[in-house]
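Below you'll find the structures, each written out as C-alpha cells.
You will see two complexes here that share chain A, one where it goes with chain B and one where it goes with chain C.
Coming up: the complex of A and B.
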C-alpha cells in the first residue's frame, strides 16, 4: 500500500515537472487586482471594504468610478486626477519606478497636492484615510505582483553652514536643475515651457519663489526626498544615482534660499552674508500686482 | 524500494525528453522581406537645438526629427519586425542592449531588446539628460544622468513597445521595443529584414512603426525554407 502511494507520488512529480516547464513558456494570464487590500500605517490597519464607501462618496468625482482618473470633473482639471490603475505616484519615499509605502499615500491624502485640485483630506479621520489607502490599492494588479520599494535612506541633516548653501548652489548648476526651474528658481528655465507629464498634459516646474510648500511636503526631509526619488509621472527625474547623500543636504539648504518669501533658517543665514544678501536683494521685485514679490 | 526508484528515474527521463522535443535545436526556416511605404510621408522638421548650445555646436546643418525616416526605393526605416505569436519565449541574452545619448539624439532611435535583457543607457554629452521611458505595463521610472556619470542599468519584465523621452530636451524622442523572443530586426536603409532560425510552425510576424502603427501577417514555415513577407505602410503627409 505504502509502495503504491510512493509510486503514485513519483509519477505525479514526474508528470508535473514538464507541465511546469510548458506553463512557463505559454503566455501567462495577466495578474488581476485584488478586491481585498489592507493598509498598515503605524498601528492602524485600513480595510478596502470600508475605504470603498468613502471613495464613492468623496473621491470618484475626480478619480473616476474605476479609479483610472476619468471622473466627471476630470476634463475641467489642469493636472489630471491620479490614475490609480497605472499605480504611478508622485510623492514617495521609495525609489523611482517602485510602489510607494502605505504611509506615503496616507500622507498625500492628508496633505493634498499644492498647485493642483487635490485638497487636503485632513478632515477625515485617520482611520478613514487608512481605509482609503487600502481601497486605492484594489485598482491595480501591481499591488498584488509587486512590493513597495525599499525607502531611501535619509542621513541626519548636518549643521547648516554658508559653505553648505554655496555647495548646494554649485550642485544646482552642475545637475542643471535650472534648465527647468530657472536660475532664480522661478520655474522659468529654458525647457520649462515644453514640459509635459505622462498624460501628455503641459506641466509647470515648481516655482520656488511662490510658496514654501512644495508638492510633497514642506519639511527639509520632504525636499530631500523629492529630488532623490523623483516625482513619477512628471518630468522631475530621480537624482539618487548621481547625488551623494551628504551632498543632497547641501542642495536642500540651497533650495531653501530660493524660497525667499519663506523665513527659513537657511534664508536667514544666507542673507546674513554680503554675497547672499546681494543675490536675494537682486531677485526681489517690488510693487507687483499681487504683492507677492514674484516677478510677473 | 528499488523498483519505484527505477520507475521514477524512467519517468524523469521521459519528462526530460519531452522538454527536449518541445524545444528543438535552432535551425530551419527564415522569414525575410522588405518594409516600404505608399503615399507621401511627412517632411521631417529641423530641430532647433539653440537652447542646448553644447549639442547645437556639434552639427553644421540642422538635425531632422526621426518620426518617419525613409530610405532608397520607398523603404521605411526604424520599423521593428518581430514574431508576435507562434514562437516560444526565449531567455534573455547575456549581452546588454545599449542606448546612447549623443549630440542630444538617441542612438539608436528605436532600440529592440528582450524581456529581462540588460538595458544599458549612457550619456556621451556635455549636458544632463533625463531618461523617461513611458511604458503602460512595465514600471515607469525617470532618472537624471549628468555628463560623466556611469551608465544606467535597467531591465523590463513585460513585453511592450513604448516611447522614451528626455523632458529637458523635448526633441529627444525614441522607442523601446521589449520583445519576448530573439527573432526580431529593425529596418535600416533599404527596409530589409530577415528573421532566421525558425523551427517549422505557424508564426505571426508583426511590423511596428512609431508613426504608422503596426501590421501583422501570418506565415507557415516548413523545413528550412525561406518565406518572403513584405509590409507596406500607408504614409501620411502630415
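Coming up: the complex of A and C.
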C-alpha cells in the first residue's frame, strides 16, 4: 500500500530543497578578490603588499589604479593595456581559458610585449617581479575561485629537416593560418582587417617578417606554446585539439622560414634548397631606411 | 584655581590640540596620498608611463630608467622610432624652479666703513629668486640612433649648450657597443646632472669638483670637474639587464667649454660597475671610475686688453685705464697630468638607500704649484704633487613614490699639500645637506615637486684671510617641468 504521507513529503522536499539551494546560492555574494596574494616562482615567494608599492610606481599609468586597464594613458594606446580584473592572459603555459602559472606572468613582466607599449622590466629585481605577480592576482576573484591550468607538455623538438618545414607549410595552409597571417606571414591575410580583441579593439595578426620575437618569447618552444595554448583575449585560438605535437613542431619550423630577415637554422636549411631559396628571395624585402623596423 | 584662568588654559589646550590635529591630518594626507606620482615628460609622454617608472624621484634614475637611458632612450619593444609617434610629437621639456633662498657666508670682505674695525663680516642675503632654465630635447632619431640637446640658461636667460650629443646604439645588435659623440655627462653612477639638491652649496657634488689650493687663497690655475659635462667620444657597453656596465671616454681637456679654450690636451674617463640582488632588499651596485687627463701649465700667448672705462685719474687729471690679461684660446701647453679615482657602492635596503663613494685625487706638482712648465724650468723649492682623499655618503628614504627625504655628507682631506709650507689642512672641506621633496601628483605629462633643503660647507683656509669659511644655503621652491 502506498504511503501517501511519505510520497507527499518526498515531493515537497524535492520541490522545496532545490528552491532553497538556489535561494541560498542567490544570497551568496560573488567571490571577491583576495587582498593578500602570493606568487611562487622557483624558490621565490612574491608578496602582494610589496607588489602594491611597485605597481603604483611603475604600472598604474597604463593598467590603472584598479587594474582594469583604464590608466590615464590607456586612451592613447592602440593595444589596450591588460585588464587584470578580467584575468585573461595571452602568454601562458596552460590550456586556453585557464589561468596562467605564476611563472608565465613573471616571464611576461621580464620579457615585455613586442609591438606594444609594454616594455621589458628585466631591470627590476627578480623579487620585485615576483611581488608584482602576487599583486596582479589581487585584482580578480578568478585567482580565488580557480587554479591555474595544468601546463601543456612540450615534447622534445625533433630534428630539423626539409620535410618538416614542408609539412609545416602544408599545415599552414590546411589550418588556414594564412587567412589572418597572410600567405607570406606578413599579418595581411584576408581576415586581418576584421579582427578584434576581447576589448573590441582592432588587432593585427602577427607579422612574421618583422622580427624574430613573438609576443610570448623568441624561442621555438615559445612559438610552439602560442598555437597550442592560444592567445586568450585575441582571435588566435588554441590548436591543441587539431594539431598533433609532432606536427606542431613542423609548423614551428615552417614559421621560422617566414622570418626572412632573421638568421635561424630553419631559414638556413630552407634556403639551402633550390625551392626554398627561390621562395625566400622572391619574398625578401631589405630593411627600410626609415628606422621604423617595419618592412613594407 | 581661578575659573577664568582654568578656562583660558583649557581654551589654549583646545587650540593647541586643534593645531596638532590639523598638523597630523596634513602630514597624514601627505604620507597616505599615494596617488600615482611624474619625469622628463617628453619621454613620459612618448611612452605613456609615469615618471616614477624611470625615476626613483625625478630627476634621479631608477634601475629601469638607467637601463632605458643606457639603451639609447629605447624600451626595445619596437615602439621606439619616431615613426610610431604622432607627426606633431616633439620631444621637448623645460624645467625651472622659482625659489626663496637664504645664502650666508661666515667671512666675506666688506668695506671697512660698514664694519667698524674690520674688513670681514658675516654676510647673509635672502629673497625670492629663480633658478636657470633647461630645455631638454632628446630621444631617438630612428631605431638605435639617439640624441640629446640641452640648451640651458642661467637665471638671466643667458644660454649655452649644456649637453649636445648623438649616439649609435646597440651597434652590430649588441648592447655592449654604444658610441656617443658630443658634449655629455660622464658615466658617473651617481649623476650630478640628476642631483636631487638645488642649493648653491649642494647643487653639485663637492668631491666631483674639488681642487686643492696651491697656497693659501690661491686656487690651482685650471678648472676640471668630473661632474661637468665634457666634450668627447664615449663607448659604453652593458648587459641586457644592465646589471653590468662598462664605459670609456676620450675627452678634450676643456672641462666641456666649447671653442677649444685651453689646449690640445686630452683626458680619459673609465667606469665600470656590477649590480647584484640580495633577497628582498633590492638591487645593490658596486663600481669604480678613473679619470686621467692633461691640463696646460702656461699659455703661449696671452691677450692683453685695456678696460674701456677709466679705473682712476692721473696727477694731471687724465684717465687711467687698466689692463687685463687672458690666455689665448688653444695655446695652452706644458701639459701635466691630473688624476681622479673613485670606488662606489649603491646600497638599497627596501625604502632606504645609501650611496657611498671613496675618492682619491692627485695633481702633478707643476699644476699643484701653479708653475709654468717652461723649457728648462724647475719646480720651486718645497713643491709637491698635491693629493687628497674624499668620501661621500648620500642617503634617501622614500616613503612612497611621492615623498623622498635626502641626506648627504661629503668630506675632503688633503694628504699632501702643494707646498710644505702650507698648513696641512688647507682646503679640507665638509659639506652637510639635507632636504625633502614632495611630488603632489605623478603623471605621464608633467612633473612638479615641493622642494625644501638646507646645506652648509665648511672649508679650511678658504676665507679672504685664509681662515676657515662656512657657507650655508637654505632653499624652498616649486620645481617643475613640462
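Just so it is clear, the second predicted complex is superposed on the first by the 258 of 296 C-alpha atoms of A that agree within 3 Å, B and C clash if a C-alpha of one lies under 4 Å from a C-alpha of the other, contacts with A are read in each partner's own complex, and residues count from 1 in each chain.
Basically, contacts are C-beta pairs under 8 Å (C-beta built on N, C-alpha and C of every residue); 3 or more make two chains touch, one makes a residue touch a chain.
Since this is a predicted model, take the numbers as computed values, not measurements.
**Student:** Is A:96 in contact with chain B, with chain C, with both, or with neither (first, second, both, neither)?
**Tutor:** In the superposed model, A:96 contacts chain B only, not chain C.
**Student:** Is A:42 touching the first partner chain B, the second partner chain C, both, or neither of them?
**Tutor:** Neither partner.
**Student:** Looking at A:56 after the superposition, I want to know if it touches chain B, chain C, both of them or none. Which is it: first, second, both, neither?
**Tutor:** second
**Student:** So in the superposed three-chain picture, is A:155 touching just chain B, just chain C, both, or none of them (first/second/both/neither)?
**Tutor:** It touches nothing on chain B or chain C.
**Student:** Now for A:76: first (chain B), second (chain C), both, or neither, which partner does it touch?
**Tutor:** Touch status of A:76: second partner only.
**Student:** Is A:238 touching the first partner chain B, the second partner chain C, both, or neither of them?
**Tutor:** The answer is first: A:238 touches chain B but not chain C.
**Student:** If you stack the two complexes on chain A, which partner ends up touching A:125: first (chain B), second (chain C), both, or neither?
**Tutor:** After superposing on A, A:125 lies in contact with chain C but is clear of chain B.
**Student:** Based on the superposed arrangement, let me know which partner A:202 touches: chain B (first), chain C (second), both, or neither?
**Tutor:** In the superposed model, A:202 contacts neither chain B nor chain C.
**Student:** Share the list of chain A residues that count as touching for chain B in one structure and for chain C in the other.
**Tutor:** The answer is that chain A has no such residue.
**Student:** Once bound in the complex, which stretches of chain C touch chain A?
**Tutor:** 34, 36, 47-50, 52-53, 62-64, 66-68, 75-79, 81-84, 140-145, 240-242, 277, 279-280, 282-283, 400-401, 443-444
**Student:** Can you tell me which positions in chain B touch chain A when the two form their complex?
**Tutor:** 1, 3-4, 7-8, 11-12, 14-16, 18-19, 22, 51, 88-89, 127-128, 130-132, 134, 136, 139-146, 149, 152, 167-170
**Student:** Under the touch definition given earlier, write down the residues of chain A that touch chain C in their complex.
**Tutor:** Residues of chain A touching chain C: 50, 53, 56-58, 60-62, 65, 72-73, 76-77, 112-127, 210-211, 290-294.
**Student:** Going by the contact rule set out above, which residues of chain A touch chain B in the complex?
**Tutor:** Going by the criterion above, the answer is residues 3, 6-7, 10-11, 13-15, 17-18, 21-22, 24-25, 86, 88, 95-98, 146, 174-176, 179-180, 190-191, 194-196, 198, 230, 232-242.
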